[in-house]
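Two complexes are shown next, each including chain A; its partner changes from chain B in the first to chain C in the second.
Up next, the complex of A and B:
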């Protein structure tokens, strides 16, 4: 009952976010300045990290967002405030990097510091909460994702971030970056496709033949339990043997160490969600629907293709979503056994204690998994809606 | 559990214990894999000590994540914390798109090499499954059950401890199991940042190109994970069965 609500209502979550913003703004450095890429750096508060006018605008906008978070109740208003905040601090970090770096100094590195990350976290939390409350449909979520991706691409292409240490790391290895990106996608998507090709028939078989069910699920369950690096290790031995003794395998590029064990391990991990969800999807198709299809004279094959698979599709896709997000993350570990992918930068960065290099590998991985999760969730919603329309 | 299943588990456990305490007994099996007179069995430290420190860090991190995740799960399902419920659901979803290695790698520059970044990564990443399952377990308690508990004169605290948490326990335990398995894997990768653990054996093998090391490290971690997963699954089934009896007796 809105009339009973006091006029000035402090939102709990909003207050926490406002507190976070205050902490970020007044008590934490906005950027870190380092004389070169591996020495430890010194923090700069936001007021010292931007030209006076820029600093003033940023502080005013950020405080405005904090007030909105604490006081505004409408999700749309909070979303607008959060987006405004992000639209200010993202370019600001780029401007700040240019401002803090002494002119002509090519060794100096400027990275976002804890204050920037806290602000980004606070705004992202506010936006995530508002988006959750708005209950956007699948198209709405896809739209929001493409707006975010577009804004990010614009920032990257415009060169607004070129003075940041992260982008300098990228510029130094742009070619390697795209090669590893292709390798990462190939590992994650290729093993997923292979798992679909094998897993769908396997799921169908275990749906039709109950005797197979327990054996297949138990076997795949055990594979899922084995930690990734251990599974890579176990696969290296037989693949190395194969490469040493079968010339064809070596000619195909199969080696003990490299992409082959990583691909096979990701494939094995992917099987369980695909098989289990295919089975679950098929078994939830109502028996009377199948009976009706049989009554209409549909053959076994027609029933499968026209009735059972379309009705099971949302559940099968849910399995594929799990696989895709999991593979995009796990593919980072492939770098440890020479399989390439974004993990290459992560492990190099750990070795050199260069956090920006770690981020160069970690940020694209997280962004890809995040986008994949949103896109597949939207597709699942759309197919589910399609399945209901047919009812 | 059938006799065969029991024998299989006991045999696997025995094999693991014998292997980590006296790996030299198995040297004959790994010797063909070690090329150029390289040692067949890991010789840069005791496998037993590595296994124990691996288990220790997983255990400590899981205890810490369980305490915080269950507390948070309880908080957001109480009237006071309801405002945080939708956001925490999305956060769990978003958090799971982070690969554990990213958390580990980002923790290194902040706290340095060694056990600390591994512990932080294990702790943070372990929160997600436990929190998610605590939420699922607590929100799935039927309103009728809660109403009945209220009708019996239970206050909010009693309802939580005597009705909601016991009913949610099997689901929470499933979350803890998932978290432990992820942590076992992440702790293995933790060896790349100099945490003591079984990953050391695999990494040493990768660095010296000794497949015998890689395989034995992989097998020990894998066997450990499968046995722990199985053992925790058993506790879960026991908790669920106990719950079934409890409900039957009161019915």
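Up next, the complex of A and C:
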């Protein structure tokens, strides 16, 4: 008779996550306390950073999540544990800020420390792993993203984080923040749109005319190798000349520095992925499908619109996804030449050694790229349906 | 009626189709057969002007095809290729509806036509209409490809190796189905193949091509009994010739009066099938029955064999 023994299944990634949680909980400061925004601060362990009852609940929940990570097997249970963990530490960091700041002190700053970031990382890993194992469809992934965004918005709007250093930085420049946010989106999305308007016809042309192909791809490839700062420098001379000699250009706000060269640089970087993917997408349309379409009397235009573009769409969208994620990140550099965007805070923060200000610029940038990637991946999956879904 | 007059096509120094002429009667199946590279497909593609001829012309019911706008011409001619070229992002119903939609038929008429065709090709509309091509077997894809080509009721159907991608068992069935449907609809078909059995099975007339030239255009029987060139004789197969001849004649034409013992053979069977029965059952003769099963005569080995060689 085979021996029956209770098997304790230890999840490998889960064990790492549990270890990470233990390290974060007992060996790392949860928050950093600073007397003002630019001096270096002192760390506080979680047990010292929260009122006793809050600390107890947090520790219990976080340890519970660690056990779940190591032992639970059902993806849904793991996702629930990760969500619970995030739902506890995110408000906790806000409460902690209020608890650690001496009453009436407006100069003191409290910011998340390594312990908090490790916990957030551990829970996010757990959640991401669980979501991967759940194999959510495109709608499920969009749903999960909306829930996460909603929870984040709730935390921000409710004021739960108002005592955190980051939010104090935000409160001091709320107006500037939203102006730069708009500028950032305009730079990233506008240049992407322009790249699509130019890149799609260019990709189509190089698909139809093989002679153009090498020239276009090589040209765009060279642009891609120029570092962004160097590209800004290269653009200063011609744009400055344009602004000085063409009144219309100056009236449109084109100058050697500022948003115009940033926009143009982002546009140039965006062209290669759009053109190359349009070409790749069109060339993978099966030859017999096109032959059949011709044989049935679909005109050139009907073939393009009804057959070639729909079949190439997932690949073209994959190119647009690359561009969008790349531009949301690259637009940060625009601030270097006065182009605005979230980079403004990053570079100001670096100048003032105010790390919270850096984060005020960096965190929204990362969040936007992350959300854009998920949304476009879902759209790509949706356009692939029917054509490529295999049972 | 399709009249092909002196069609020629060359690519550079390479002559692909050299001065080919023949006429296809209404409701006929003409099979263009030959080795690969003989120019068969190019000839076919010049009929719907996918390839522009360098010389010669094609008349459909007396009208020169160059006087009809290209796309309009192709809406009127069905076209089936070896890989079928079904649109992978469209359902079976949408695929079949392609040409009717281009012609601007209204929705109800398109839906009715799609259902009619699916029924005709033994594909249950409820099960198949909303499927995507990759969810179908090879045989089902082939049927959808032919149904799509017939959607707008073309008088002419061009088929380029339409059975080439099927395995032998399904291929035979698909050929029989095509014959049955063609007899029912009366569609004129020009079909290209390199398979001689397929040519004899389907063709009312066979056009033999080699090296860009049309060597012979004749009925299957004439091709067997009076091959125009050594190449044709070799292509039709000297060993198989008698058996192919027998498969072209039915029992009706070789029946004798009288009676015989044993299980009767139906009057519509080919002589080849009848001979197989006689050999297998070890009998010199068997009775012949009509469709209702009533005996109407006998068929003998000697009577059959006379049909296996050119009649003097």
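FYI, the second predicted complex is superposed on the first by the 379 of 391 C-alpha atoms of A that agree within 3 Å, B and C clash if a C-alpha of one lies under 4 Å from a C-alpha of the other, contacts with A are read in each partner's own complex, and residues count from 1 in each chain.
Keep this in mind: a contact is a pair of C-beta atoms (placed from the backbone, for glycine too) under 8 Å apart; a residue touches a chain by one contact, two chains touch by 3 or more.
Predicted, not measured: the structure shown is a model, and the values here were computed from it.
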| item | value |
| --- | --- |
| Chain B versus chain C as contact partner of A:197, first or second or both or neither | neither |
| Partner chain in contact with A:350 - chain B first, chain C second, else both or neither | first |
| Touching partner for A:38 - first (chain B), second (chain C), both, neither | neither |
| Partner chain in contact with A:152 - chain B first, chain C second, else both or neither | neither |
| Partner chain in contact with A:12 - chain B first, chain C second, else both or neither | first |
| Touching partner for A:293 - first (chain B), second (chain C), both, neither | second |
| Of chain C and chain B, partner touching more chain A residues | B |
| Touching partner for A:250 - first (chain B), second (chain C), both, neither | neither |
| Doubly contacted residues of chain A, that is, touched by chain B and again by chain C | none |
| Chain A partner contacts - residues on chain B that touch it in the complex | 33, 81, 83-84, 86-87, 89-91, 93-94, 96-102, 105-106, 108-109, 181, 184-186, 188-189, 192-193, 199, 202-203, 205-206, 209, 211, 214-215, 217-219, 221-222, 225-226, 229 |
| Residue ranges of chain C touching chain A (in the complex, touch as defined) | 48, 50, 70-75, 79, 81-91, 98-99, 102, 132, 134-135, 145, 148-149, 158 |
| Parts of chain A lying in touch with chain C, wherever the complex brings them together | 286, 288-299, 302, 307, 310-311, 386-391 |
| Complex interface listing, chain A residues touching chain B | 11-13, 125, 128-129, 131-133, 222, 225-234, 236-237, 240, 256-257, 325, 328-330, 332-333, 336-337, 343, 346-347, 349-350, 353, 355, 358-359, 361-362, 365-366, 369-370, 372-373 |
